[in-house]
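Across the two complexes that follow, chain A remains constant while its partner is chain B and subsequently chain C.
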Partner chain A sequence: MSGKQQNAGKTAFTFLRNNTVPLMFILICAVCIPISGFSPSYLLNEIITRLGRNAFLILSLLIPIMAGMGLNFGMTLGAMAGELALIFVSDWQIWGIPGVVLAMIVSIPFSVLLGWVCGKILNMAKGREMITSYIISFFINGIYQLIVLYLMGSVIPIAHSSIKLPRGYGIRNTVSLLNMRQCIDNLLAVRIAGVKIPVLTLLIIALMCILIVWFRRTKLGQDMRAVGQDIQVARDAGINVERTRIISIIISTVLAGFGMILYLQNIGNLSTYSAHSQVGMFCIAALLVGGASVDHASIGNVFLGVILFHTMFIVAPQAGAVITGDSMIGEYFRVFVSYGVITLALIMYEMKKRRQKANIGEQLALAQKEEEQHE
Partner chain B sequence: MNNKRKWIFRGCTLLVVLLIAALMFVVGRGHTVYIDNKTLEYNGETYNALQKVEVWVNGERLSKLSKRDRTMTTTIGNGFEMKLINTVNKGDEPTEVTVNLSLPYGWDGILVNIPGYLANLPQEAWMSEFIIEAAPPEEGEEEPGEDEIPTAEF
Partner chain C sequence: MSLLEMKNIRKDFFGNQVLTDINLTLEEGEVLGLVGENGAGKSTLMKILFGMDVIRDTGGYEGDILLNGQKVDFKTPFEALAAGIGMVHQEFSLIPGFTATENILLNREPRKKSVISEVFGERLDVLNRKEMTRKSEEAIRKMGVHIDGDMVIHDMPVGHKQFTEIARELSKDQLKLLILDEPTAVLTEKEAEALLASIRGMAAQGIAVIFITHRLQEILDVCDKVVIMRDGCVVKDVPSGETDIPEITRLMVGRQMSSVLQTEIRDNPDAPIAMSIRKLWVDMPGETVRNVNLDVREGEILGIGGLAGQGKLGIPNGIMGLYDAGGEVTLRGEKIPLNSPRECLNASMAFVSEDRRGVGLLLDETLEWNIAFPAMQIQNKFLKNYLGGLIKWRDEKAIREITQWYIDELAIKCTSSRQKAKELSGGNQQKVCLAKAFALEPGFLFVSEPTRGIDVGAKSLVLNALKRFNRKSGVTIVMISSELEELRQTCDRIAIVSGGRVAGILPASESAEQFGLLMISQVK
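Up next, the complex of A and B:
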């Protein structure tokens, strides 16, 4: 085999190794789409709807990755802040786009507080950010349940009985957001060949992407990248590492709160006790499907991830029903694939780290050998 | 100096955000307006329901009300405009009236009586708060479900 062929083989192998997850999903979608029998316009409609619904939430994960804090499972905290804001806005009867804007503003103090708490804790658990943020989300979920189930209506004033549980305090399982349902998606929406394009929502997402690109070039963005690359070097360079890390988590939490509000205005109702519970997991899975890793993620990964992951989400139940006669198989499939892809990404990240360490070790050994030969 | 400017900038940003929130509070207040074509008794006088009323809101016909009928619409903000095409008695020529109402901020549901409004009565005669009783509890609603996983809606 010639050197050129060997090089090409090596490049192809590296490409396959670096893009295992997206390629696997492209394969799954390629198999499931024809089996499901969905029309292209239906699929496109669904994918664009889900892109508008989820992209903002997933974008909120980019900044902590930039700061070297891995996948922020604590984005669930932002989702809870967004939900609290929506409960208040529903009770105040603020409808339509003003309702969405007000909910975003109201969510900010909750998100900042929760993000600050999360950041402080993560600073105490450096190197174990992902598992810590995952557990923090369960802990804060308990506080959220306490507030929503017992304090709202008894201590925190809630006027409308349509929101309160029949016993007089606590919030109902479902809060209707009918008066703000798809208000952003429908404004400036256009239909092309039967496919609804939520122009305003996509513009908001595009603006967010531009903001992230701009943020990377700011002093704070550069600091975050420096912290993400090497904490010790960043500290030696005079960067306040702890503060930078806390700010990155606060920004992520605030953006997750906004994303959750956008997500719920699209759905049109709020499952008070469960809407946030799986959001972090699905967003992280989507980002990883797009080819991101624990230490690197780009805007491109977000969009590729949403498209591939949600195509699988749409077609899997139907494909499962066609293959096995039971649509529940498809339901289970998409949930287990979500967990599976996170596991795979974590394993691959560890393998990559070990490989890099081994390479450095080999190079050091080689250099030592050469030195000994010279002597 | 630099620090002072930073704090002024932060204060201004906070003020702008609060102003936007206050504006959203005012312009986004939602109301449900119930429009009645029912006979009204006020100060011992009787104001009869109209034979027919067409209610138009935002350029679309909302409803055609006969005697004792009611329709409803939702609106955002405290201003509400509707067009009424009235037929007072059978065989009469319909007349057109544009109604501009200022809705009280604190009322969620607002009941407007058309015969009272057309008779130029004071506002308290034809506008009142409409309070809906909460829906009865559904079975199993006391406690939230434990296995609510939002996979389907995601």
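Up next, the complex of A and C:
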């Protein structure tokens, strides 16, 4: 083989190795789409709906990755803050777009507080941010349930009995958001060839992307990138590392709160006790499917990830039903795949680190060989 | 008035005097070369000047530092920076994924205000990329060595990283004094020449430079004066024109030694080769080994010395499989597989690590366990077999006996053989590490920094124990140490490592100056 061919082969191999997960999903989708038998317009409709529903939530993950804190499983905290805000807003009977905007505003103090607590704890557990934030989300879930199940209606005034449990305190399993359902999605929506495009939602998401791009160019963004790559060097240069890390988690939590409100206005009801439970995992899985890793994620990864991951979500149950005659298999498949993707991404990240380490040795050996040839 | 004056600087670390009455003066635009062996106190002196935390945490210092005639006492490096002192450290302090420009202006980026930053604070200012490029180019021009400002650090050759650091200091407008701590250690010859030219350029612009290096020719080439330190004192302060390399070397290493010189040195060129090392490389961070060829003779004590960071520690750690290594190692004709600690131990090699607390000891276990554990694991010693070896039971009695024997033999100070290892003093822990290795009854023993961090009395006990073990049982020992004197006291031959390579092997009876020359030599 000539040198050029060899090089091309090597480049292709590196490309394959770096993009294993997205390529795998493209393959899964390519196989499942024809089997499922969905029409293209139905499929496109579903994908766009889910893009509008989830993209904002996933965007909230980007900033902690930039700050070197890995995949923020603590985004669940923001989701809980968003849910609390929605419960209040629906109790106050403020509906439609004003309701959504008010909920976002109300969620900010909750998100900031939770993000600050989470950031403080993560600063004590540097290098183990992911597992720590994962466990924090379980812990805060307990507090959330205490508030929603016992304190709301008894200590915290809740006026409307429609959202209260019959016993007089605590919130019902489901809070209906029918009066704000898809209010943002439907405003300015256009239909092209039977596909509904929620223009306003997509505009909000686009605005968020621009904000993130802008943020990367600010001093704070630069500091976060520095902290993310080398804490010690950043500290020696006078950057307040701890504060910068806390701010990144707070921003992520606030954005996750907004994202959750957008998500729920699309769904149209709130499962009080379980809506947030898997949101972190699904968002992280989607981001990873888009080709992100623990230390690197771009806006492109977000969109590719949403599209691939949710295409699989849509077609897999149907494809499973067609093949096995049992639609449960698809449901099982999506949870299995989510965990699988996260595990795979974590393993690949570790392998990459090892490979880089081994590279130093290879270079040493190579330099030695060259030296010998000189002699 | 001098730019910098240091008067009667004294510093001790918990009663251990490391600097005694240091006096230094430095004029504007002057280049001062600071030389001395490891542990001579150069780094400590510079840390004091730079206001590093470690100095304050260990009780501060005595004496005065005057900058432009004003007394200063920096609480943090940031205060020193603000006063115009810059320092380029030995380890790189660069963000790997940033460009040279971003690193040069790290946390000092020029910015643009916007409406958002007016509301939310100045950290939301947008970076002014144009101005950043201009400033970094200006600093690079000032340095006089060209580097590409848009190149990302991890794609750079190591020399350019060093230049990026220097440019960072030069980009600070207030810079009056630049400290360069062994900047040429990682540079190629050509790069080093460029750096020396750049130092002269800086001096011409009125910046004073303190230049620390082990390459003495560089000192003579570039410095206006030379300050030689030894054992925490300034032994000589001369204009560089009035001295030469042999004199500096002698002043650096030469110390009065009389009682320590050993009597019995064996140098037997006819002894068979026990271990032969060929083309060894080891990737141990900070102790990289390159292309080492070395023969260890049967029955001798071979010392490996050299300055810190030159790779002497990498040799045993690489051979014993603790760090990534390549090359060929044969022990008495048998090839030793690298990167496999177990195979090394099976080949009856043993290793007393320099990392006593991390690698050497089971801190929370008793002395009995510590001493018997490797022998039990590797050689099935101290075990009673039942049911034809199906069940193995610890032989507590034998373990206690052997532990007690080593406690007496090495004079380990402890309350009983059941005391926990972490409760012992450093010197006694070191003896336990030795006992552990002796209990393996190895055919070949590596001992790394056996006297690090232990007091003088314990030192001679440990060294004597080693020597006795070698002479009695004929075990071949390779001992690695930063202290030349203890190598000359204990070993038969001494190999000096410099720049990751073996600079030379001399009999222990050779003069200290000869070893000193090898230590600072550059091996190609």
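One rule holds in what follows: the second predicted complex is superposed on the first by the 361 of 375 C-alpha atoms of A that agree within 3 Å, B and C clash if a C-alpha of one lies under 4 Å from a C-alpha of the other, contacts with A are read in each partner's own complex, and residues count from 1 in each chain.
The definition used in the following text is that a residue touches a chain if its C-beta (ideal position, glycine included) is under 8 Å from a C-beta of that chain, and two chains touch if they have at least 3 such contacts.
Remember, predicted model here, so these are calculated numbers, not experimental data.
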TODO: Could you figure out whether chain B or chain C reaches more residues of chain A?
DONE: B
Task: Partner chain in contact with A:230 - chain B first, chain C second, else both or neither - done: second
TODO: With the two complexes superposed on chain A, say which partner A:92 touches: chain B (first), chain C (second), both, or neither.
DONE: first
Open item on the list: Tell me the contact category for A:272 with respect to chain B and chain C: first, second, both or neither.
Closed with: first
- [ ] Answer with first, second, both or neither: which of chain B and chain C does A:105 touch in the superposed model?
- [x] first
Open item on the list: Once chain A of both complexes is superposed, is A:318 in touch with chain B (first), chain C (second), both, or neither?
Closed with: neither
Open item on the list: Contacts for A:149 in the overlay, against chain B (first) and chain C (second): which applies, first, second, both or neither?
Closed with: first
- [ ] Go through the superposed model and pick first if A:368 touches only chain B, second if only chain C, both, or neither.
- [x] second
Open item on the list: In the overlaid three-chain picture, which partner chain does A:20 touch, first (chain B) or second (chain C), both, or neither?
Closed with: neither
TODO: Show which residues of chain A both chain B and chain C reach, each in its own complex.
DONE: none
Open item on the list: For a test of understanding, state which residues of chain A touch chain C in their complex under the given definition.
Closed with: 214, 217-220, 222-223, 225-226, 229-230, 232-234, 236-239, 357-358, 360-361, 364-365, 367-368, 371-372
Task: chain A-touching residues of chain C, taken from the complex the two chains share - done: 77-78, 93-98, 102, 106-107, 109, 111, 117, 122-127, 279, 281-283, 288, 290-291, 324-326
TODO: Note which residues of chain B are touching chain A in the complex, please.
DONE: 17, 20-21, 23-25, 27-31, 74, 76, 108, 132, 134-137, 141-142, 144-145, 148-154
TODO: Note which residues of chain A are touching chain B in the complex, please.
DONE: 54, 92-99, 101-102, 105-106, 108, 149, 160-162, 164-167, 172-173, 179, 267, 271-275, 277-279, 282, 313, 331, 334-335
